[in-house]
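Note that the chains take the letters A, B and C in the order they are written out, and that residue 1 is the start of every chain.
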Amino acid sequence: MIGDWWSYLTDPDNWDGRNGLWANIVEHVTYSGIAVGVALLIAFPLGLWIGHTGRGATLVVGTVNASRALPTFGLMVLLFILISPHFTGKTDLPYILPVEIVLLLLAVPPILSNTYAGLQSVDPAVRDAARGMGMTGGQVLRQVELPNAYPLIMSGLRSAALQVIATATVGAYIGLGGLGAPIYDATQQGPFQDTESSHLATGELLTGAFLVAALALLIDLVLATIQRYTTSRGITGRYRSSSDLVAPSEVAVRAAEGRTDLAPGGQQVAAL
Amino acid sequence: MIRFDAVTKRYPDGTVAVDELDLEAPSGRITVLVGPSGCGKTTSLRMINRMIDPTSGTIWLDGRATADVPPATLRRGIGYVIQHAGLFPHRTVLDNVTTVPGLLGHDRRTARTRAMELLERVGLEPRMASRYPAQLSGGQQQRVGVARALAADPPVMLMDEPFSAVDPVVREQLQNEFLRLQQDLHKTIVFVTHDIDEAIKLGDQVAVLAVGGHLAQLAAPAELLSRPASTFVAGFVGRDRGYRALGFTTGEVALQDEPTVRVGADVGDARRVARDEWVLVVDEGGAPQGWWLLSGDPGGRADHTVEAARLNLGGTLATAGGSLRSVLDAALSSPSGRGVVVDDDGRLLGTVTAAAVIDRIEALARDGRSGDTAAAGRP
Amino acid sequence: MIDYWSSNQAEIWRLLWSHAWLSVVPVIIGLVIALPLGWVAARHRWAYPPLVGIAGLLYTIPSLALFVALPGILHTRILDVTNVVVALTVYAVALLVRVVSDGLTSVSADTLQAATAMGYRPAGRFFAVELPLAVPVIAAGVRVATVSNVSLVAVATFVGTAQLGTLFTEGLSRTVNQLPPILTGILLSLVLALVLDLLIQLATRLATPWRRAEVRR
């Protein structure tokens, strides 16, 4: 079985071409990137506005709770059926649009809620001091609120990216490319049996699964690394010289870890 | 100078936090707002830098109505210190301190140099500059908060219970350093506290507010203690105010000569000079070290010497020219009943009994003077 | 739509039941596994980063990848429902380890010391004091896990497990009247998520009577 996977993965023929693995990866990254990018454009400013002004907070909690119950697969199929009749000719839009819409619906809530929660988590005394020193609203937002909310915003982004990458695979069911394609293709050909074609299908299946998991991990790693090196050390608690510090209490360390490392449960913030 | 002119603040829910307040905070002086919780101290303070806008009335800052100055501009010229400091957790101590110079577009290097000086002035070592707030103790954070407010050298400082979140020992240190700083800087300071002792210690003048935002009394600390304007003020100023008022009273008290021996002298010598059971022991420079009890030396063997380890250290020292409270306390705390008075360099001048201090206090009261008030007599 | 329901009633009920079962069972198994792991992470500082780190790593693996790869790991057959249950259990554990640990840590140290002072041994203290007080936090995590599961289960259609997701593929494969099965699937899975969420909230309320007292006070 591992052999099937390895031989499929290492066969250059499977990587090239219009339906090769490279093409699948590029498609997958593109679809996911578009969804996360657009979600960021919508949710980030909205979250900043709600967090800064405090208006519309109930909206945030509501969308997050509702989005978790969203039957993504069903919605994708529904949108496909509703949209596809309106397109004729050689276009991928009837496949792309439903998937992108669903991915967008998935990606907006974590970014929105974490941006909001991030701004809310800023110590009111700190915000007060900033205003009292003569910062304008924009300066308070840029110089104080954003840097302090940054870890939570980033974990919202990571959580959105993970969900989008995972869900984009399902798009293969309605005929979209991406890394779901080899998986779907292989399941149709009866993997895990002892025939030559089945061995090939097993290899293809496991390769698709492996690549999508690797992609998710890689993207998360990249974002985590960016987060780590762009967050103020005053917030992460990773001080430069460890000999030079007043030992922070255990609780504070926990709290800091909890703030910077919300990856899986980015959405939990609003729920807990 | 800051002047409140019939200033009222009514919150949207109807709470009147400040009611027709008239108040003047003179330039270069510390004006303390004190009063029970919820009496409108914070509200009054925050109306000065327009963190809160008054419902009616005008606040004047050096002849300009604050309402005519854009809030951000106004605030950049006013230092603001709050409880828990409110330091920016994502910025180092140095970057915290240079915030306002940054906002004002000052030269970065000059601002940093000045910030380092300020940190030293508020009692922080230079190596603290690169730390983050989370790496500091509460008292250190509070010092950074003061340095940050001073960074752009604003003529006016607003301080809202800046020392209330630290333990009593650190608080006293911070208060003393604050007074020392003010001696050099002469800022116009409005200081909020709910602690009457802090108000009396720090204020050149103290404004006592009553719940509902009424000004109950505005006076120098000594006057507040000796002539409270109402039962509310009397109650708020509290017990012991007669004794505490002595803290603002200075007066010459005639000193007695006190026979002394050096550390290491023969007990026999001590017995010879002694006036009673107790002998005052001094060092070579004449600075008092403690009292030696003759009868505590059973047998009185002649080869015994006066050992530093066995001195009674119970008495406090009063400085000549200090308050009558400190002189009286020296007398009351001394095991011999004679309070030790020293000069500014710590050398013995003489001793005084409690009875002599009381006589002096009564004489002052008969003369109808309650002594030099603090506003004038504060060192 | 009504026609579709009346003629397929038995089938719809069967799918709904299977969907509910697949959503709930993995969370229960996951909770049973996550409790001791979370306890270790809460009690020993050194154990927290690796345990929570590994859990976070598992959570990043896309569900479809796990569904299809498990037959290779467990030597089950691709259509075996075990794959789905195991995969969803993995997610539940990944989510709940952190939640349990944070919930247990959130119990105030004063309370714990008082319990110890009264003579509780560690195990007794855990069940009598720590666990009950951590229930609200843990329950919030269980809600998240269950509701997300309702959505995830539909993906199991790829590996042939029958549940509400089957209605989506059925609709897609039709040439006429595609909408009724799809809408039914969406509607029922929303309702299922809502009902399960309410049930967990209700159970939490019943299990933590002292919190109602706090709210009323």
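Throughout what follows, a residue touches a chain if its C-beta (ideal position, glycine included) is under 8 Å from a C-beta of that chain, and two chains touch if they have at least 3 such contacts.
If you want to know which protein each chain is, UniProt gives these names: A, C = Glycine/betaine ABC transporter permease; B = ABC-type quaternary amine transporter.
Just so you know, these numbers come straight off a predicted model, no measurement behind them.
Of all chains, the one whose Cα centroid sits at the greatest distance from that of subunit A is B.
Sorting all chain pairs by how many C-beta pairs they have in contact places A-C at the top.
Subunit B and subunit C, compared by their mean Cα positions, are separated by 61 Å.
Subunit A and subunit C have Cα centroids lying 20 Å from one another.
One inter-chain figure worth recording: subunit A and subunit B are separated by 56 Å, centre to centre, where each centre is the mean of the chain's CA atoms.
In subunit C, no residue touches at least two other chains. By the touch criterion given at the top, residues 1-2, 5, 68-75, 77-78, 80-81, 162, 165-167, 169-170, 173-174, 180, 183-184, 186-187, 190-192, 202, 205-206, 208-210, 212-213, 216-217, 220, 250, 254, 257-258, 261, 263-265, 267-268, 271-272 of subunit A touch subunit C in their complex. Of all residues in subunit A, only 123, 125-126, 128-136, 139, 143-144, 147-148, 232-235, 237, 239-240, 244-246, 248, 252 touch subunit B in the complex they form. In the complex of the two chains, the subunit C residues touching subunit A come out as 45, 48-49, 52, 55-57, 59-66, 68-69, 71-72, 77-78, 94-95, 98-99, 102, 105, 137, 140-141, 143-144, 147-148, 150-151, 154-155, 157-160, 164-165, 167-169, 171-172, 178-179, 182-183, 185-186, 189-190, 193-194, 197. Looking at the complex, you find that subunit B touches subunit A at residues 46, 49, 51, 71-78, 80, 82-92, 99-100, 103, 127, 130-137, 145, 148, 158.
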